[in-house]
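Multiple structures follow.
Each of the next two complexes has subunit A plus one more chain, namely subunit B in the first and subunit C in the second.
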Partner chain A sequence: MPDKNVLILGGGVAGLSAALELARFDISVELVEKTGFPGGHAIQFSCKATDKCVKCGACVAEEKLENVTENPKIRLMRNTCVEKVTKSDRFSVTFQTGPEYIDPDKCNGCGVCLEKCPSAGAVMQGFSKHHTPFYAICAEKCLFIKDGSCNVCQEACPEGAIRLDQKPGDYACEADAIIVATGFTGFDPKDKPYGYKVFPNVITNLEAERMLRQQDILLRPSDNKPAERIAFIQCVGSRDASLNHLWCSKICCGSSLRMARRIKARGPETEITFFYIDVQTFGSDFQGVYEDIREEFRMIRAIPGDIFRTDDDRLQMAFLDSNTREPAEEIFDLVVLSAGLTPGKDTEHLAGLLGAELADTGFFSSSRDGIFLAGAARGPMSIAESVASAGNAAWETVKYLSEK
Partner chain B sequence: MQETSDIIEMDQIDHDRFRSWPFSQDFCLTCGLCSSSCPVSGIDGFDPRKLIRMVSLGLEDKVVEARWPWICTMCAKCEHVCPMEIDIPNVVRSIRGLRDREAVPGILHKGLAAALETGNNLRLPKEDFVFILEDVGEEIAEESGFEDFKVPVDKEGANILTTIHNKLVNTHTDDLKHWWKIFHVAKEDWTVPSDNWEGTNWGLFTGDDGAMKTMVGRIVENMEKLKIKNLLWPE
Partner chain C sequence: MTDKTLVIGNGPCARSIAEALITQGAEVIVATKKDSADISSAEKVLSNTKLVSCQDSAGSFNILMNRNGEELSETVGNVVIAEEAVREPDFSSYELTPSPDVISLSRLTGLLSDGKSDELSGKKIVFLTGLAKESSPVILEDIMQSCLRLQSNFHAQTYILTKNLKVGGNGLEALYRTTREAGAVYVKFTDVMPEIRQEKDTGVALTFTDEITGEKLRLSPDITVVDERIFPSEDIAELAALLELDTDQNGFVQADNVHRISVLTNRKGIFAAGPSRSIHSPADQVTDAGNAVISVLKPEADQPETAAQVNKGLCVRCLTCYRVCPYRAIILNARPFVVPEACEQCGICTAECPAHAVTIKELTRDEISDQIIKGIPQKKETTTPFLVAFCCRRSAVRAKALASCMGHTLPRGLRIIEVPCAGGVSHEHIFSAFQNHADGVLVLTCHEGNCHSERGNIHARKRTDHISGILSETGFESERLLIRTLASNMAKEFADIVNGFEKTILDLGPSSLSQ
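For the complex of A and B:
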């Protein structure tokens, strides 16, 4: 279908997969990603292999991104957000494109910009070798963009790749169909009683994933020392009526236990305690894995209460020990909160622009009128499920285009 | 009954009464946040998660006989952390209410009976109560700056009516002084009733709605009789 053009919103693993599927039908694809780093959450995940591959799927996003970059039918746009959608025969869509402060053709990924930048978080680092440029400027934190007071990175860049005085631009396209693959937002657990953002050694599962992409074991953010006693707390922000999040986030039991196993494989002396409600063993092979896991870690079937910081900067946690049936207080070096998957931050806004419906959960509910859904925009999904969902959305799109 | 090894007799399970309760105990995910957060968790094996599970299973006789509901202090921390918003303190109170009144733990039972008969948990006669108040008032008046202090008893038309926790006229009389002195310095127009002054309401803690209503009604009567619009009710 060389005369057809499909717009995909979201460059995560679902969007990348859908783009590749459509390209196989010789359909042109405009793949729009709002951040500077395509690949979504999946490309930030760590490989969970111990002595062998455990099929976590973390490498899939890398591979898909590489294939998308090389595919002539797919145009990947970074830093781009939808502004307006109108439909007559086709969809007419306008976008705002963020300034490309760092020229991808000039940047050699040396990292001098990040090293010299005085404002924390203003220079962001990519997650994959397929991220070109490997660095991006965060407009909210950059001092030049705030008040023009600093241009250290621009001066320091040996390739002259940085230009901070650029303005946002516009872009428009016509599309025969749209695939929404905007993914999820990780729950922010700052209001739960665990001191997240107060105690540096309380982190989320997504932060742990990023850390394990770069190093073998988890280090304590407060002092960069290896965490010897780690607690994982499941279901933080999932299955929670007080937040109106009644759903199970599906991926956290599998991903946390696999992270724990990987840490144990690389650092056998690490003690890991897993606090859970009930282990959701989604996925065909996970049930077998879980049998072994129960032997490796201390499993406590209760969610802990408060966390306090001790004088020597460790974390004291109160919980009911389901094994001894006694209340307990124990000290941990690091606590990983399995923060749930919630609807993407922009979902409501985007649904308004598209005229799409949302379920009671706040995720997108169903495909219709040339708009199709792929991946975790529909609800919590693993990488494998997102890829399958994207394949399904692409197939529905092809059918729609051929009947049109 | 705290032993999970106890065999549950299936014909004993009667869900009907609990099903009519509006506390959403059937939504419990058994996450255990209540048990992990509870300040009296573990005392005599007390485990709020198990208690809610027993209610959800309809084990009425067992929970009504159990000591657990009487260990709970009803501080409500469990309710605050519960992701399913189950009103656990109210479940506890309702279980207490199902007990035969004669089987309510002694001090609560006797105290409440005394309050219903005499207007206070201690059976303190009116003359003794007023004597204690005046005695404390005289001690305050001995302090510099408080020479003209008097305890205003049964003052009609005052701005605030206050109740008294019985321990303040029993073992903790000094604790009356702090807030009375603040009233005096702030020139507040306040008073204490000489009858039905009891501020603790053990109908609340024993799950006895009738007794609770009687006690509250008496405070309202005092306000109407003395033509007072504002109530300060320190428990």
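For the complex of A and C:
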């Protein structure tokens, strides 16, 4: 179908997979990603192999991105957001692009910008060699963008690749069909009583994934020391009627328990405690894995009440001990909150632009009229499920285009 | 080459695959062991038919089938396995014997859908699920749907006794809340399971301590429903064996390997969808069907020009290559022959062939030796050991590239030799590295269970272990040869491995062969 053009919104593992499937049909694909680093959440995740692969699928994102980058039928646009969608026979879509603060052609990836930047988090490092440029400026944290008070990176860049006064541009395209693959947003646990963003050593599972990925070990953010006693709290923001989040996020038991096993395999002396409601099945060898897990970790079926910081910068947690049915307290070095998967930040806005329907959960509900859904935009999904969902969205798209 | 597709199965997944392919103008043959097939629109529908053999490879599989004793042969381009799985109730795990008041979940759903549900009216019904073995969302969904009907339409009182409530499926947490609002009672167990007794006269009695209140409770249900576990059918096992497909630890088609996501198998042109590969929920089966259809319509592009080749003059017909090929790309005529369309160029056959008769262009001894020689440092300094790292293209090569991007310092004397799979790194390659002045040789491969060629990393380990043994016997330090596994996205790990290895080699000093 060389005369067809499909627009894919979202360059995560689902968007990348759908693009590759469509390209095999000789369909031209515009793959639009709002951040500077395509690959979505999955490309930031750590390999969780102990001595063997545990099938988390994190490495799949890297391979998909490489294949997309090399595919001449796919045009991958970074830093691009949808502004307007109109439909007559085809879709006409306009976008805002950029600002592209770092010129990908000039940047040599030396990292001086990150080294010199005085504002934490304002220069971000990529996760894949296909992140070109390998660095990006975070507009919310950059001091130049805030008040023009700093241009250290621009001055320091040996290639002259950084221009902080860049303005956004625009872009337009026509498409015969659209695949929405905008993924999820991790729940922000700041309103839960766990001191997230108050105590540096309370982090989310997504942050833990990134930390393991970059450093191969979980360190306490407050002092960069390895954590000896780690607690994982499951279902933070999932299965929560008070938030009207009536869904299980599906991936967190697998993500957290696999991370815990990797940590334990590298540091057998690490003590890990798991607070959970129900352990969800992950992987085809779950029965055996679950039996091992119950030996390796302390499993407590309870949702902890709250967390305080002790005088020696540790974390004291209160919970109802399910064995004694008495209130109990424990001290940990690091707490990992399994923050649930919630609808993508822009989901409502995007649904408005597309005229698409949302389910009660706030995720996209169903494909129709040339708009198809792939991946976690539909609801919580593992990496493997997202790839499968994208394959099916590609099939629905091909079918739609062949009937059109 | 033919565009014909053979779909094996008769369930909803097989049906939707066949129908979708037909709408796209593909020629479809449906074969099922059942005595009738529900798919009418296919070119050929073969009921009472079983697969007898499958010869040749992707693009043209020669299939022999048996239909009521009559032999049929077909040549097809693709095969899709979309067989149904079987459910088996777990009575024995609960020490229960099936009886009119102790039934399986399927029996209950059967009663509900047959309209023979009067006997359920107003009854006290207990579901046992996941207490002995871990359950699954697809079973829980059936249980909760049944509960909802029993509570709402039959004024029954339902109890669900479980360990981990498997709500990790789409919409199941919401359904769980709905069943509770309808009056279903959930009792969860963590370490101590309920005591279950079945008496002839009085039926089943369950006694347990409520974990939240500590109260001792006793339940005497009118009907006890036992959950089920899902197994591959005998048909699935037979097909996997016949088509030489890898299976997962439970016997479902498709190895538990991320490279097979979502419907791929170890053989090009053969796909597994739905229950055959352990995908059981109806929604996920629809997704799988879509993936099977798209895979059949547009298979991956082939790269036959780099396929393995058997040198007739050297081949001694030992059939090693035939045995080790993970993709079943080698067929036997008078001699072994590599089907280029099915070959994935992993190189395992080339490394294993004792007669050096199988070659892949980029993996020949000369090709690899040339690369090693080019890497020999011009001026040899004693502080920079020459390290040759054979790196799998799918994992270590990518990890190396990322490590460079991230600014990790890597040994100056490190030379990367990219190979399609570490299973293709032969004795000769490793010895060539040592002969060409390597102070240390690394083989970096994928984690076990993550090898695209399924066993390439295991072959690589066997080979390096063997060579280490030889080196030790000759008095050469076996520490100079190291095999490690890693993933493509782990840059830090790559840097740690190679830097750690450099340190080992620095401690050992230059190799006696590099003087």
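By definition in this document, the second predicted complex is superposed on the first by the 394 of 404 C-alpha atoms of A that agree within 3 Å, B and C clash if a C-alpha of one lies under 4 Å from a C-alpha of the other, contacts with A are read in each partner's own complex, and residues count from 1 in each chain.
One rule holds in what follows: a residue touches a chain if its C-beta (ideal position, glycine included) is under 8 Å from a C-beta of that chain, and two chains touch if they have at least 3 such contacts.
Keep in mind that this is a model prediction, so the values were computed, not measured.
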item: Which of subunit B and subunit C A:Arg301 touches, first, second, both or neither; value: both
item: Touching partner for A:Pro327 - first (subunit B), second (subunit C), both, neither; value: first
item: Touched partner set for A:Ala318, first subunit B, second subunit C, both or neither; value: first
item: Partner chain in contact with A:Lys84 - subunit B first, subunit C second, else both or neither; value: neither
item: Which of subunit B and subunit C A:Phe25 touches, first, second, both or neither; value: second
item: Touching partner for A:Arg239 - first (subunit B), second (subunit C), both, neither; value: both
item: Dominant toucher of subunit A (residue count), subunit B or subunit C; value: C
item: Partner chain(s) touched by A:Lys404 [first = subunit B, second = subunit C, both, neither]; value: neither
item: First (subunit B), second (subunit C), both or neither touched by A:Glu396; value: second
item: Subunit A positions touched by subunit B in one structure and by subunit C in the second; value: 239, 241, 277-278, 301, 322, 325
item: Subunit B-touching residues of subunit A, taken from the complex the two chains share; value: 193, 235, 239-243, 277-278, 301-306, 318-320, 322, 325-327
item: Of all residues in subunit A, those that touch subunit C in their complex; value: 21, 24-25, 43, 45-47, 49, 51-55, 57-63, 66, 109-111, 125-129, 131, 134, 213-216, 238-239, 241, 246-248, 250, 253, 277-281, 283-287, 290, 301, 322-323, 325, 360-361, 379, 384-385, 387-389, 391-396, 398-399, 402
item: Touching residues on subunit C, where the partner in the complex is subunit A; value: 20, 23-24, 133-137, 164-174, 177, 188, 190-191, 211-212, 214, 248-250, 252, 256-258, 261-263, 278, 284, 286-291, 293-295, 297-298, 300-301, 394-395, 398, 401-402, 404-407, 446-450, 485-490, 492-493, 496
item: Of all residues in subunit B, those that touch subunit A in their complex; value: 27, 29-33, 35-38, 41-42, 45, 47, 49, 81-85
